[in-house]
Amino acid sequence: MQLGMIGLGRMGAAMVRRLMSAGHECVVYNLDPEPVEALAAEGATPSSSLGEFVSLLKPRRVVWVMVPAGAVSGVVDELTSLLEADDIVIDGGNSYYRDDMARAADLADQGIAYVDAGTSGGVFGEQRGYCLMVGGTDDAVGHIEPILADLAPGVEGVDRTPGRTGEPSQAERGYLHCGPPGAGHFVKMVHNGIEYGLMAAYAEGFNLLHHANIGAQEVDLDAETTPLREPDAYRFDLDVPEIAELWRRGSVIPSWLLDLTAASLVEAPTLDGFAGRVSDSGEGRWTVLSAVETGVPTPVLSAALYERFASRGRDDFANKVLSAMRYQFGGHHEKTDDGTGVGA
Amino acid sequence: MQLGMIGLGRMGAAMVRRLMSAGHECVVYNLDPEPVEALAAEGATPSSSLGEFVSLLKPRRVVWVMVPAGAVSGVVDELTSLLEADDIVIDGGNSYYRDDMARAADLADQGIAYVDAGTSGGVFGEQRGYCLMVGGTDDAVGHIEPILADLAPGVEGVDRTPGRTGEPSQAERGYLHCGPPGAGHFVKMVHNGIEYGLMAAYAEGFNLLHHANIGAQEVDLDAETTPLREPDAYRFDLDVPEIAELWRRGSVIPSWLLDLTAASLVEAPTLDGFAGRVSDSGEGRWTVLSAVETGVPTPVLSAALYERFASRGRDDFANKVLSAMRYQFGGHHEKTDDGTGVGA
Amino acid sequence: MQLGMIGLGRMGAAMVRRLMSAGHECVVYNLDPEPVEALAAEGATPSSSLGEFVSLLKPRRVVWVMVPAGAVSGVVDELTSLLEADDIVIDGGNSYYRDDMARAADLADQGIAYVDAGTSGGVFGEQRGYCLMVGGTDDAVGHIEPILADLAPGVEGVDRTPGRTGEPSQAERGYLHCGPPGAGHFVKMVHNGIEYGLMAAYAEGFNLLHHANIGAQEVDLDAETTPLREPDAYRFDLDVPEIAELWRRGSVIPSWLLDLTAASLVEAPTLDGFAGRVSDSGEGRWTVLSAVETGVPTPVLSAALYERFASRGRDDFANKVLSAMRYQFGGHHEKTDDGTGVGA
Amino acid sequence: MQLGMIGLGRMGAAMVRRLMSAGHECVVYNLDPEPVEALAAEGATPSSSLGEFVSLLKPRRVVWVMVPAGAVSGVVDELTSLLEADDIVIDGGNSYYRDDMARAADLADQGIAYVDAGTSGGVFGEQRGYCLMVGGTDDAVGHIEPILADLAPGVEGVDRTPGRTGEPSQAERGYLHCGPPGAGHFVKMVHNGIEYGLMAAYAEGFNLLHHANIGAQEVDLDAETTPLREPDAYRFDLDVPEIAELWRRGSVIPSWLLDLTAASLVEAPTLDGFAGRVSDSGEGRWTVLSAVETGVPTPVLSAALYERFASRGRDDFANKVLSAMRYQFGGHHEKTDDGTGVGA
């Protein structure tokens, strides 16, 4: 079927390619014309303005918006001023599900259907397919199902879950109509919250392996720092990249994230190219907000988020308060790990 | 080659079967004779006492001990009194790596080699192969490599990591000589620590999905409980089993643990058969102990461990202290979720 | 000066008494007339309707609203329909600071000043004075300063902070104009967030003392539970109430909350009257929401909040997911602490 | 009575002064003779070797050892070779309670009594008195009670807990015989674990206040960082030192640690002299080790400890792992807070 795609960044362009491979017709638009031309060369229908873009789409128009979360609102506003009743707008980006709910209600007044399609898969999605978590009305989601089915990975490549029989369900094909508008991005939000937790679990574990040889290092004795009680218990010079590789096979913890970590560690065994300032892009935060609002304990997901905040120095003032207190009650001066004082 | 196996529980018996399939000769012993007979019927050499067991093994004897962590010490003591210099004892159970270090030093005095083989794979290992994290001397680990290679999954079934070339490494075949005695169980310990973190991340996320419809429930207004500010934002009646299935394909969070969760949710969509009292079996605790001793922050792995403690009621007195304080400063009586008082 | 008080619950009635003791004139109103009559007997001016209440106040009317967070909105709406430009409404309850900001903006359109006065002190405030965290315009807060100063504890009873000289500041007298509308409840919110963290720190520590004798108990050996490695290290039969008392003197951790805990433990050394279902009343949650929104790591404050959620069973489904996973990969049945199976 | 003090650092010297003020006779020894001379000038009996020190003590000798945790073992070994049966050695430092248990058992073989006296109070103790948590036999602790009573704060200065009547208990006078050897340092250990949690709760709260004006700063829009949804909600330019002062009066969270924080913030409102590298000195770690070993959940105390580890960069490799994963699956380059890339 025909689909219009607005936003040809990393994700949008790859999705157009995957859809064209499956035989769909794609009209494309992007602020910067370069990716428009690139995709036109591969068979997409180019457009140089939002007006032209809409004019090239046949009613019942289906438009997939794939732009940064902060830009969705502006694009959707401009776009919907050009659309007609019955058209369908799909937000495939990382919107907050509450914005979806508000936008869906607004557009419903104009008769336009709004679908939120939480899209996971990153740069690998073009080959592997995208996991699609979809919110919207039955009518709108039903209409775009051919698109969803071809963007999704399909049943291949993953063993069937024991106990499942008969025709594969939507979920088994890699997409799911989760509920009314907002439900798609809600589920995608929780997906990312879990992702943060999983990533942190591996990161903490690898960090511990990285420090398993600490007993072989000399540490000075002073009143501020207790010496390692049993240094002999920490004299393992472990090969972290090989351990990452090992765990991919037969262990309890294989995962796609572990595959990626193993690949990173082959490239750079000590990850020296990274500074360790870890961004977070919205969903991890929103997951915690939802947990707190609904009274659901999520200590692991929250700890994972806070580690990222701290990695960017957002704990600095708190740490200064701690050092100030220690200085007050004990006359403790700050110490560096090598035993020299650094402050106060 | 010939291997003696002591301990024919779930794990030990399955490992014997996998080794016999690969052509190895297995002498077996178990306190309860029933599994001995069962494996004898499948081709293993039975023994009815530890003495007979040892007499059936040809020097350089190789004995794999697969018994509960608390029983290893007694078994190894009795066994080694019957062995000779140059023999090899492998502890495949869940021993604390420090016990390995002590036992290896003890046995070295008798010339007996001690190998700790952290073994992951659970009930699926017989088919899938076992991930083996091994500590010991080069000589001993080198001698048993044919056994390790056939217990391990091998290179099949998992895509090769980008950037790896040439002959597959040990890790790529599913086993790794990690370092001196203790190194194997150290790595296995961290593996399980990570496992706890991963499991908790999924569990918290699914719990949030499970409560996504809380806005549709009526909650009484009282001074103790703030009403949900935006109940409309939590009216999603999500299909948790289908979402678990969905995430197995194309998302960022596929993993073997997610596969298992999806399978559980097919069997019992609301998991009613489980009480939610979650055991922990040593390695998760030891991981946190090591992190604290070495000064490595592991907030996620620790939070995962503490959730298990709390699931078994080990937070009860702490919670009573909190309620007592609230009663003191605010005259707050405890509330149940349905608004009726429960105490004080 | 004259003050009208709406809401004569635990807090409101005590504040009226404290103000009358200081010589202020109080007009009082409450839905249930009983506390109105009680305070009238002590010298307050009673009113039996909101209309009568307002009519008894002299312009520039000053009204303190002290009702549950969920009821503020309705009361303020009804009240302000009866007020005139220049009047002042003070919300002394536990409102979310964003609601203050919205209400202040609304009332500003009518020329009515809105002051948010985060009020701490609980049932002890009548004697000890209330800590007041105040948001509003300079004009409005300046006008009510005599009220604030007399509700607050004043400089007595707390040693002056070293380095402070001259006339005591507002803060030293126990109240503070923190900023524009909302700033008062924002600061109160963080106060309560800290309170949750402090309470949890004590509760966890006392819980550990409570379990310090665990090595003296017999624990069965099974494959699911690792035995306590060094039971002799946990054979302390500690007197928790005496330790709470001890720490009140000369230690690093004396606090008002410790005083209250010590008092509770005198009343009931094992706190048997409490079920340990710990409520949370808004500010703790909002603190975490603000931390997440601003990217400030608050692992301790969040963990404290989550312990409360879990104490009310909000972790149940997560724990079932964990048990289900364990059953899948290891065939582990759930265990009770006494070793008997409980599920699956 | 007569007491010998070994170790005249910050703590030891102050304790000698406090004891002499109360009329006790103190024999003093220190590796560096300077503090020996200083205290001799104030009335202490000096000694220039451990032999001389012991010779100046009358049987039943009572020796208080006040040296860094790492040095206790050596000092006690040398000292006890010079003592006789029935003498008493008190370790007032920050020893691990398990070392106390071992030392007490060793010395018991020689008939020497070992008392562990967990001592809190820091640099303020000389005036305020020391909180003493004591482990040992009834006989030994009974013998030194006059010393304990005069080092402790006594009943003055702290209100009596409601419900307590009659003769003040030990705890009410500021010292407590907690149990057999080790019990004193066990209780002190938990005290410090709680201290870490309390400090972190304040630090996190003040950090949140510190960032309450973040909505007034401009933040660039990019795909990696979600813009602050409601910047207007975070435009509070709060006076953090005044808020610390305010909370000392009438709030729920006054404490000695808050007093110290308020004093620090008067000296340096933004704490610029501190780098925020926070040490930890043993007890906080041991508290978490004990919690894990006994299966007691301590998420708050652990989070507090981990924040300190992270403040010293011990999370660096974990953060690099996270950045590496993000780069793999999303092509995400690391961002600084100002939007410029920093790595990969």
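Here the chain labels run A, B, C and D in written order, and each chain numbers its own residues starting at 1.
Just so we're on the same page, contacts are C-beta pairs under 8 Å (C-beta built on N, C-alpha and C of every residue); 3 or more make two chains touch, one makes a residue touch a chain.
Predicted model only: the values in this text are computed from it and were never measured.
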Please identify the chain with the largest separation between its CA centroid and the CA centroid of chain B.
C
A-B or A-D: which has the larger count of contacting C-beta pairs?
A-B
Between chain C and chain B, is it the same set of residue numbers doing the touching on each side, over half shared, or a different set?
same
Between chain B and chain D, centroid-to-centroid distance (C-alpha), Å:
36
What whole-number Å value describes the gap between the mean CA coordinates of chain A and chain D?
42
Distance-wise, how many Å sit between the C-alpha centres of chain A and chain B, to the nearest whole number?
28
Taking each residue of chain D in turn, which ones touch at least two of the other chains?
122, 200, 202, 204, 207, 211, 229, 252, 256-257, 263, 280, 285, 293, 295-299, 303, 306-307, 310, 312, 314-315, 318, 329
Classify the chain contact graph as line, ring, star, complete or other.
complete
Of all residues in chain A, those that touch chain D in their complex
9-10, 68-71, 94, 96, 122-124, 199-200, 202-204, 206-207, 210-211, 221-227, 229, 256-257, 260-261, 263-265, 268, 271, 273-279, 281-282, 285, 299, 303, 307-308, 310-332, 334-337, 342-344
Touching residues (chain side chain D, partner chain B) in the complex:
252, 280, 285, 288-289, 292-293, 295-299, 302-303, 305-307, 309-310, 312, 314-315, 318, 329
Chain C-touching residues of chain D, taken from the complex the two chains share
97-98, 101, 120-122, 125, 128-133, 152-154, 157-159, 161-164, 169-176, 178-180, 182-183, 186-187, 190-198, 200-202, 204-205, 207-209, 211-212, 214, 228-230, 232-234, 236-239, 242-243, 245-259, 262-263, 266-267, 287, 290-291, 293-301, 303-304, 306-307
